[in-house]
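Two complexes are shown next, each including chain A; its partner changes from chain B in the first to chain C in the second.
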Partner chain A sequence: MSVSLRGAWRLPSVRLSLAVLAVVVALAVFGDWLSPLDPVAQNPAERLRGPSGGHLLGTDYLGRDVLSRLISGTGASVLGTLEAVGAGLVLGAVPGLVSVFFGRVYEWVAMRVADALLTLPFIIFAIAVAGVLGNGPHQAMLAIGVLLAPVFFRVTRASAIEFTRAQYVEAAELLGASRTRVVRTHVLGKVLPTIAVTTAGAAAASLLVVSSLSFLGIGVAPPAPTWGGVLASDLGFLHQQPLAPLAPALLIMITVGALNALADAVRDTTGVRADAVV
Partner chain B sequence: MSGRRPFIALALAAAVLALGACGGAPAGTTAQTADGTLKWGWSLPTTWDPVTSSAGNDVNALSLVYGSITRLDDKGTPIPGLATAWKYGAGGKEITFTLRPGLTFSDGSPLDAEAVRKSILRGRDEKDSLIASQLHSVADVKVAGPQEFTVLLTQPDYQIPYLFAGKTGMVVSPKAFEADSKGVSAKPVGAGPFTLVQLVPNDHATLRRNPSYYDVANIHLAGFEVKAIPEPATVVAGLQSGQYDVATIPPSQIDAAKAAGLKVDVIPSLTVRVLDVNSGIPPFDNPKVTEALKYAVDRKALLDTSQFGIGEVNVQPFPKGHVGYDPSLEGLYPHDPAKARQLLAEAGYPNGVDVPLTTATPEGLPEQVQEQLKEAGIRTTIKLIAPAQHTQLVYVQHNVALAPDGFVGRESPLQALSVVYGPEGLMNPGRTTPKALLQQFEKVRTTPIDDPAYAEAVRKATAIGVRELPNVWLFSTPRIFARNPKVSELPRGIAVQRFDGVRIAAP
Partner chain C sequence: MTSLIVPRPAWRAGTVARVARMARGTASLVTVLVVSTFVTYGLGALGGANPAAAVLGETATPQDIARMSHEFGLDRPFLVQYVTWLGDAVTGHLGRSWFTQLPVADSVVQGLKVDLSITVLAVALAVLIGGGAGLGAAVSDGGRFDRAVTAVCAVASTVPAFVFGIGLVVLFAVTIPLFPSGGYVPLDQDPVQWLRLIILPGVALSFDAAADIARQLRTSLVGALRQNYVTGAVVRGLSARRVLFRHALRNAAGPAITVVGLHVPRLIGGAVVTETVFALPGLGQLTREAALKHDVPVIQGALLVTIVIVLIANLAVNMVVARLHPGSSR
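Presenting the complex of A and B:
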């Protein structure tokens, strides 16, 4: 570990990424108050209008204010992403950490399950899960989380193995420290940078998948807005509004880019190997 | 993943920009002769066997392969098909058809009265038949000669010429189904204008002209491809690139198609958009609530927004001009949220009701319906289902309270009324049919279609259904096609899209 996590803060790319993400989080939390107009209020007489003083990003196919829908939809898009990453983290990182201390049978089974899950494509799996469990935001996010879990599992496990073989860990064990104490005191802190990098990368990937699923009509039910949903509806009216998809596409692109830049910077400053992350 | 991550979003944005930038004149397609291959952007049928086909819309693709005993003209009246004439006898309990001479199936086997007999009885008796209910009154089919057969009925039924114009009357080669009945679903053998030569499921079907088709002189296409449309928003680009020569488009794409130099055909159809309402599920078990629904929707606003005004406001299951269309019903349910709220209060819901609105395609019409119903005190929550679940949940399990839907019509007016109002009707999930309507069904069935009283009988049945049953009819919609200018205008068939007479010019 050449540099601590704090070192990353000095990088301009990290500051810019955090600024972007802070805005996104603010929109997610306060979106309903920040929206200039009711995001679900319809006005068919004003549908498919271009940008104007009353509607800075124009109106959609039902005359709803696009800017308000994008701002208000940030919450659902971000929440979905967090839900998926959280599920992946819990289902992957925790078993990955403790797997180091269990026997070979556990290790073999866990690795084969992880390998099997890694072969499944995100979107198709999420659609299948929605077909079985019903189409809803939580079902789709759980499906994504399940597929993120093996990534967290392998990365956390690989990192933890490295530290559990260190001499100071062996010394602690010889002095009678419990496994819980060893993990808490000597391992967890060391693998956290790796998990942080993986989380940022996974969040970027999840946001894309969440947006793609919304685009396909999986997850949040209309009329509640999402970034992917706004993008999908715009594509049906390209002739009337050829530039309309730009706004939601840029929002997704900038947010994903910020998460990726943050992950890369943390990786570089903490010395986490590039091949050890997602 | 880290190395590719920034580029995924960039690729997404680039694709969006590229789609938006599409324009200009249609690109030249693959080399065509005057007898070229026409590529039709449509939907592939659920099966190529008319007996087990489960979607009304399948009839369009199936009619490429199969000849039917009768056909419908552009007003919906039966005209000759494989049969040139028919005559009822025994008080409507038997009907004798005369086939064209020298008919053969595409496999070379003779299409005679005996083949028709076997095909009809297969439709009635096959284990998985979905047309059996339409043939339940067929007691037997008697062959009187190579070209003449008589359908013996258990009860008078003057709807047979209508029924035989659709899937029920499509004649399947006995040689094919006697060898492998289930195989017909992928290897159809009929006597239609084309023969299926290749099928790639969920992608396309390739057909070639059937030289033994009875009206082959009117088929000017050597080949035909039916191609599934994966995304309606890309159809115009597909037409420009030559992926399709003709394709169905949503109303929102009409201006784009015209701007791209494509021709647009708007063809009246039997299709009517509707809200399926299950009168077996509260609160719709209360007639006042279902009546409130009918006043709560603003049909004109729905038509103008979701269809860009293409179509006609309609409160009944038949389009204007159809024999079953009752002009006296026009304006029966004007948009009146106040009256809807009053009806809800009378039904015991002074504070409104909460119901789920189940749909696989929530954008557009369902969202607008939700907003309109809210104004009348009917608060809906959109419940998303997969498209494949619609048939199972709405038509089979009947456990959906309210669902936007579309009725593509049926060849026989009585068949259509039975589907939407009959006790076993797919679109009557509440499974209740008033006695007066059943009596009127009987009247329609036993009235010859050339009897002056026939039209009045059908319209009376329509009126009873519209007033007594819960379905909320919204508007009629035409079929909209965009075509490359090298393709001649499409025929205007109200029930089935045919391609007789269509030509495709050399580039």
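Presenting the complex of A and C:
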């Protein structure tokens, strides 16, 4: 870990964001044990109830406990986000770093491919991929990862090239260090904060997309709960339960906000100039 | 002092540079279009879905599959299929749906009218609200209004457009019934009802872009207002308004306009989800229904049209930026 990333750790906003994210991850991992009631058990006698002692966040149109559905739905949202960001990181950051070895033809082609992928809107592309390759939990998320790749590629490449032109790199090369060694020991550590900022931003963006997709019913198997799915089931009953969307909406907002705050804090303390993720 | 540099004939250098730039731009655009359409068409082939299998399901016999593959031209080599599809697309034909046999182009145009209605409204609102907020924030630099705008922008960027949509429905359709909560009427049928129906989705969609525009405009305008030419203009006695709008804003608007361009794919994606909240029969519903049925030509057609819109929007943004700053276009 680079020194600059350690500096960010001292900021209160970073600690608060990390605490929020730790809670979310804990919910994702232990959701099935933590949820007070069965998230898929229907209870027709208690449909569309408001918050009460038995159901802290009320029940949905099938009488299912909303709190339990939100808690056990965390796993799908977090996993989907991690999958998308992980795919983007592997497909984008690694070629971006390696690309400093290659010439202008490679650059031109790679940039055009990146431009082409950036013209595809996340959600429509993810729906299309789910339509063609199957509506499973992984297809749509990996599609988002493919579209995140050009963002990682551009940012990593720009940053890597900047540091490859530094004088100490020139000095290392004059001393006979190989290109691989230069990238590994002198460039990678410097590029890391940029990748960190981009990863946090990409995670925030993917969580929004994953929530939108699960709201549309893409990448989810119906009775299983998701954050977006809870919102979708509230939609038909806004007249009876106008405040029902508040809890899932806040959950999404707080998590995305924590990721954004983390990205901003790392950007400010390290001085990297990574653009916000589209 | 005389210059030692021999001046080049300006018109010639300018023209050559402009032609070279246009050629480079066109080459990039064509490559981007070819790659993205190839991905779009390749996706369909990659899935290996077949019209007979999709329509008839388990009961499809090998003869059915062979017959329908031939009917839809899927028994030809992949590259031939791709080139034919792209050639047809240029002339406005996107094939027929495997299920309804209806021309894909017609369904896509139907859906597109809905999405363009709300997206254009959203862009207009985002530019107005975001531009106004960014301008005000930069002028009040560090003041109360500036801090309020920064806070609202930070919150706005955490809310997905569809959650805004649900909030607006709760506020302005359920609690205070000002607007209908959903549905769509074409513009040429009933313009007033059309406007009433697209206002809430348009507002919901505009928030995210408005926040980004405000943030970007604030940052670049604060920077511009600290430049020497601004001090110079003030010293020469120009009015504050003239300095702000004619000098600083003109130089600071570029990045904010670029943000509008970057937002177009996100707006179209957001429109797809917003459609669901407001029960609008748009491109998103079309794509989603096609996806659930594996209706590959419809999926491909919808994606192609989105790509073309995004490219047109990017081109328009580049032209506006180049007009504002003749020097910025390398």
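Some observations on this one:
One rule holds for everything that comes next: the second predicted complex is superposed on the first by the 270 of 278 C-alpha atoms of A that agree within 3 Å, B and C clash if a C-alpha of one lies under 4 Å from a C-alpha of the other, contacts with A are read in each partner's own complex, and residues count from 1 in each chain.
One rule holds for everything that comes next: contacts are C-beta pairs under 8 Å (C-beta built on N, C-alpha and C of every residue); 3 or more make two chains touch, one makes a residue touch a chain.
Because the structure is predicted, anything quoted here is derived from the model rather than measured.
When both complexes are superposed on chain A, chain B and chain C occupy overlapping space and clash.
With both structures placed on the common chain, the touch criterion links A:Leu118 to chain C but leaves chain B unconnected.
In the superposition on chain A, A:Ala130 makes contact with both chain B and chain C. By the touch criterion defined above, A:Leu216 lies against chain C but remains apart from chain B after alignment on the C-alpha atoms of chain A.
When the two structures are aligned on the shared chain, A:Pro44 is found in touch with chain B, with no touch to chain C. By the document's definition of touching, neither partner reaches A:Leu175: not chain B, not chain C.
In the superposed pair of complexes, A:Val105 makes contact with neither chain B nor chain C. By the touch criterion defined above, A:Gly236 lies against chain B but remains apart from chain C after alignment on the C-alpha atoms of chain A.
In the superposed pair of complexes, A:Gly257 makes contact with chain B and with chain C alike. Once chain A of one complex is fitted onto chain A of the other, the partner contacts of A:Tyr61 are limited to chain B, with no touch recorded for chain C.
Across the two superposed structures, the residue set of chain A contacted by chain B and also by chain C is 127, 130-131, 135, 204, 208, 217-218, 231-232, 235, 238-239, 242-243, 245, 249, 252-253, 256-257, 260, 278. On the side of chain A, the complex with chain B involves touching residues 42, 44, 47, 61-62, 127, 130-131, 135-136, 201, 204-205, 208, 217-218, 221-223, 229, 231-233, 235-240, 242-243, 245-246, 249-250, 252-253, 256-257, 260, 263-264, 267, 274, 277-278. Touching chain A in their complex are the following residues of chain C: 28, 31-36, 39-40, 43-44, 46-47, 49, 154-155, 157-163, 166-167, 169-170, 173-175, 181, 212, 262-263, 265-266, 268-270, 272-273, 276-277, 283-284, 287-288, 290-296, 299-300, 302-303, 306-307, 310-311, 314. Residues 1-2, 5-6, 8-10, 12-13, 16-17, 19-22, 232-233, 236, 250, 252-253, 255-256, 259, 301, 304-305, 360-364, 366-368, 370-371, 381-386, 388-389 of chain B are the ones that touch chain A when the two sit in their complex. Residues 112-113, 115-125, 127-135, 204, 208-209, 211-212, 215-218, 231-232, 234-235, 238-239, 242-243, 245, 249, 252-254, 256-257, 260, 276, 278 of chain A touch chain C in their complex.
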